[in-house]
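Look for chain A in each of the two complexes below; its partner is chain B in the first and chain C in the second.
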Partner chain A sequence: MENLIKELVTKMADDALILGHRNSEWTGLGPVMEEDIAFSSMAQDKIGHAWALYRMLQDMEGGQDPDQFAFLRPASEYKCCHLTEMPIGTYEFSLMRHFLFDHAETVRYSSLLESSFLPLRQLAQKVKGELKYHTLHADAWIIQLGKGGAESHEKMQAALDSCFPLAAGIFEPGPDDGGLSDVYPGEKVLQERWMENIYPVLTKAALNLPGEVTPAYGGRYGQHTPYLHALLEEMGEVFRQDPAAAW
Partner chain B sequence: MDTIKAIYASLEKVMDPEIPVLNVLEMGMITDVQQDEKGIHIKMIPTFSACPAISVIRQSISDTVSKDLHLPVEVSVDAAIQWNSNRLTETAKEKLRGFGIAAPPVHHGEIEADMLLHVTCPHCGSDNTFMRSPFGATLCRAMHFCRQCGMMFEQFKPLT
Partner chain C sequence: MTDSLDPRVNRLRLDNIDAPFTIEEGENWQAYEVFHQEKRGAHHEHVGCVHAPDPQMALIFAKEQFGRRKKCVNLWVVRSADILAFGLEDEDMFANNMEKTYRDASGFKVMEKINKFKGKP
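And now, the complex of A and B:
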């Protein structure tokens, strides 16, 4: 049981860390000032969530220092999904990724409000309120740009088509989701709830979900895209120079 | 009992570094104050989980209270209580407005879009405003624009 909880917390933490880092890559580059600030703020939130989750792992048996755990593992020990690893690409790609990911986070943390695992239940109360601003932001832009003329619509539809299979990989089944049924409802249930939440927004934005897709699985079992390796190199470059330094 | 009172009086001097007109009590950040033979134990909570000011505030509480009370002070983060914007006292909201930041309305467990869309302008008092972005200069603030006086202003976000 404890190991299954660790798996769950690790994948949530790694998702937040990696996407937080990706979001921060928009700092100074956003298409308008407000978006620059929004992606930077969301990056900060994500890193905060990752930090809280890494600390939760540290408090469990055999836990490690959060910084060491976050920066010094080999790529094959990260459990993030491929969606979070992809480079920022175009603004519409990053926006669509943020929309799909933050709705997934919302259903995940909402379900954790009922978790039998106290630290997750406590964190969920905090995070859920913060995520409200992420989905508010995402929904407003998805609808506005989805209905914003032919070129805009076309770009948003292309972004949805490329992001959707990656986003389906968020819900890659764990080794034993059934064994965690008191902790959270499992990936399959979360994915169904997620679909119920994103569908009405996409409909308002006049965007169509792609038909049959192959979910981008593998991340939860340590199989990653080459983009993660490059990202980890960059992210840990300073830290690795002196892992014992006090900051 | 007098010591506890003195600790609270000391805490009134610890200001939020991002909103320097508010102290940590007005912010609703203090959840418990205890004293025993080992010293003073204070529990606090951050507004947002990624608040970068948290370690500064913690240190500032510890420094101020130990200087005033001449006792060792331990400040810990309370995991059992989560900050939400209803914890801001009325005095705090008044001071926020005086500082040029719109205060969050009282919420009932859910943030509705209306709470964000027509926020009263702290400069001219008009409700003819709109939200430019739910994100601003700090995690706890959103950006709004007033059509009446043509000014940008910030709002301390309601948070559940």
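And now, the complex of A and C:
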């Protein structure tokens, strides 16, 4: 049971860390100053979620120091999904990823409000308000740009087409799935709730879900895109110079 | 073709500098004034402004611009253009004449009476 919870917490933490790092790559390059600040701030929130989850792992049997665990593992031991690993690409790609991912986070953390595992239940209570803002921000942009004329709509549709199969990989049935019914309802249920939440927004934005979708699976089992390796190299570069340094 | 790593440079359309410059619909954003409420029941106080394409986005931007440092429970945004103000040249209307200091609330000396009422020396 504890091992299954560790699987769950690790994949949640790795998703938050990797996407938080990716989104922070927009800092200073956002389309307008206000959006730059908002997007960077939300990236920081994600790093905060990752930190809380790594701390949770540390407190469990055989736990490691959060920094060491976050920065020094080989890529094959990360459990993030492929969606989070992709380069930032265009702004519409990053916005669409933010929209799909944060709605997934919202259904996941809402379900954890009733978890039998106290630390996750407490964290869910803590991040509720942040996620509410993240999805408010994402929904507003998706609708605004989906209806922002032909060129804008076309770009958003293309972003949805490329992000959606990747986002479906968030809900890859993992090693933890099925054995944790008291802790969280499982990926299949979360994916259904996620669809219920994103569909009305996409409809308002006049965007169509792609028909045939092959979910990007593998991340939950340590199989990653080459992009993750490059990201980890860069992210841990300073840390590895002196892993024992106090920050 | 200019192809910078910085998207802001690419957005300037420097590759076609001689073409007539047009502002497309939605490109010209509005300024919104932001009012910040520190606790429930307190006045909303003006803290600055944001640029946004519509009021909803203005509120979303204002939250990160002005709501995350000091304590905040609520924000208002108002389109700057909707604020009616006096002109700078009308400042003379506000000038106080010397002989009207009796209108100045700070002129009333009431602390003595209040302290007396409270029983202080």
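Basically, the second predicted complex is superposed on the first by the 246 of 247 C-alpha atoms of A that agree within 3 Å, B and C clash if a C-alpha of one lies under 4 Å from a C-alpha of the other, contacts with A are read in each partner's own complex, and residues count from 1 in each chain.
Going forward, contacts are C-beta pairs under 8 Å (C-beta built on N, C-alpha and C of every residue); 3 or more make two chains touch, one makes a residue touch a chain.
Here the structure is a predicted model, which is why all the values come from computation and not from measurement.
After superposition onto chain A, the partners chain B and chain C occupy overlapping space and clash. In the superposed model, A:R240 makes contact with neither chain B nor chain C.
In the superposition on chain A, A:G148 contacts chain C only, with no contact to chain B. Set side by side, chain B and chain C differ in how many residues of chain A they touch, and the one touching more is B. In the superposed model, A:I47 makes contact with chain B only, not with chain C. By the document's definition of touching, both partners, chain B and chain C, reach A:L136. Legend: residue contacts after superposition of the two complexes on their common chain; A:Y91 is shown touching chain C, with no touch to chain B. Once chain A of one complex is fitted onto chain A of the other, the partner contacts of A:I37 extend to both chain B and chain C. Contact with chain C, but none with chain B, is seen for A:L29 once the two complexes are overlaid on the shared chain. Only one of the stretches 9-17, 63-71 or 99-107 in chain C has C-alpha atoms clashing with chain B after the fit on chain A, and that stretch is 63-71.
Put simply, chain A uses residues 34-35, 37-38, 41-42, 133, 136-137 to touch chain B in one complex and chain C in the other. Interface residues of chain A facing chain C in the complex, by the touch rule stated above, are 29, 31-35, 37-38, 41-42, 91, 133, 136-137, 140-141, 144, 148-149. Touching chain A in their complex are the following residues of chain B: 48-52, 79-80, 82-84, 111, 113, 116, 132-137, 139, 142-143, 157, 159-160.
Those residues of chain C lying in contact with chain A across their complex are 6-8, 11, 24-26, 29, 50-54, 56-57, 60-61, 63-65, 68. Contact residues of chain A toward chain B in the complex are 34-35, 37-38, 40-42, 44-49, 51-52, 119, 122-123, 125-130, 132-133, 136-137.
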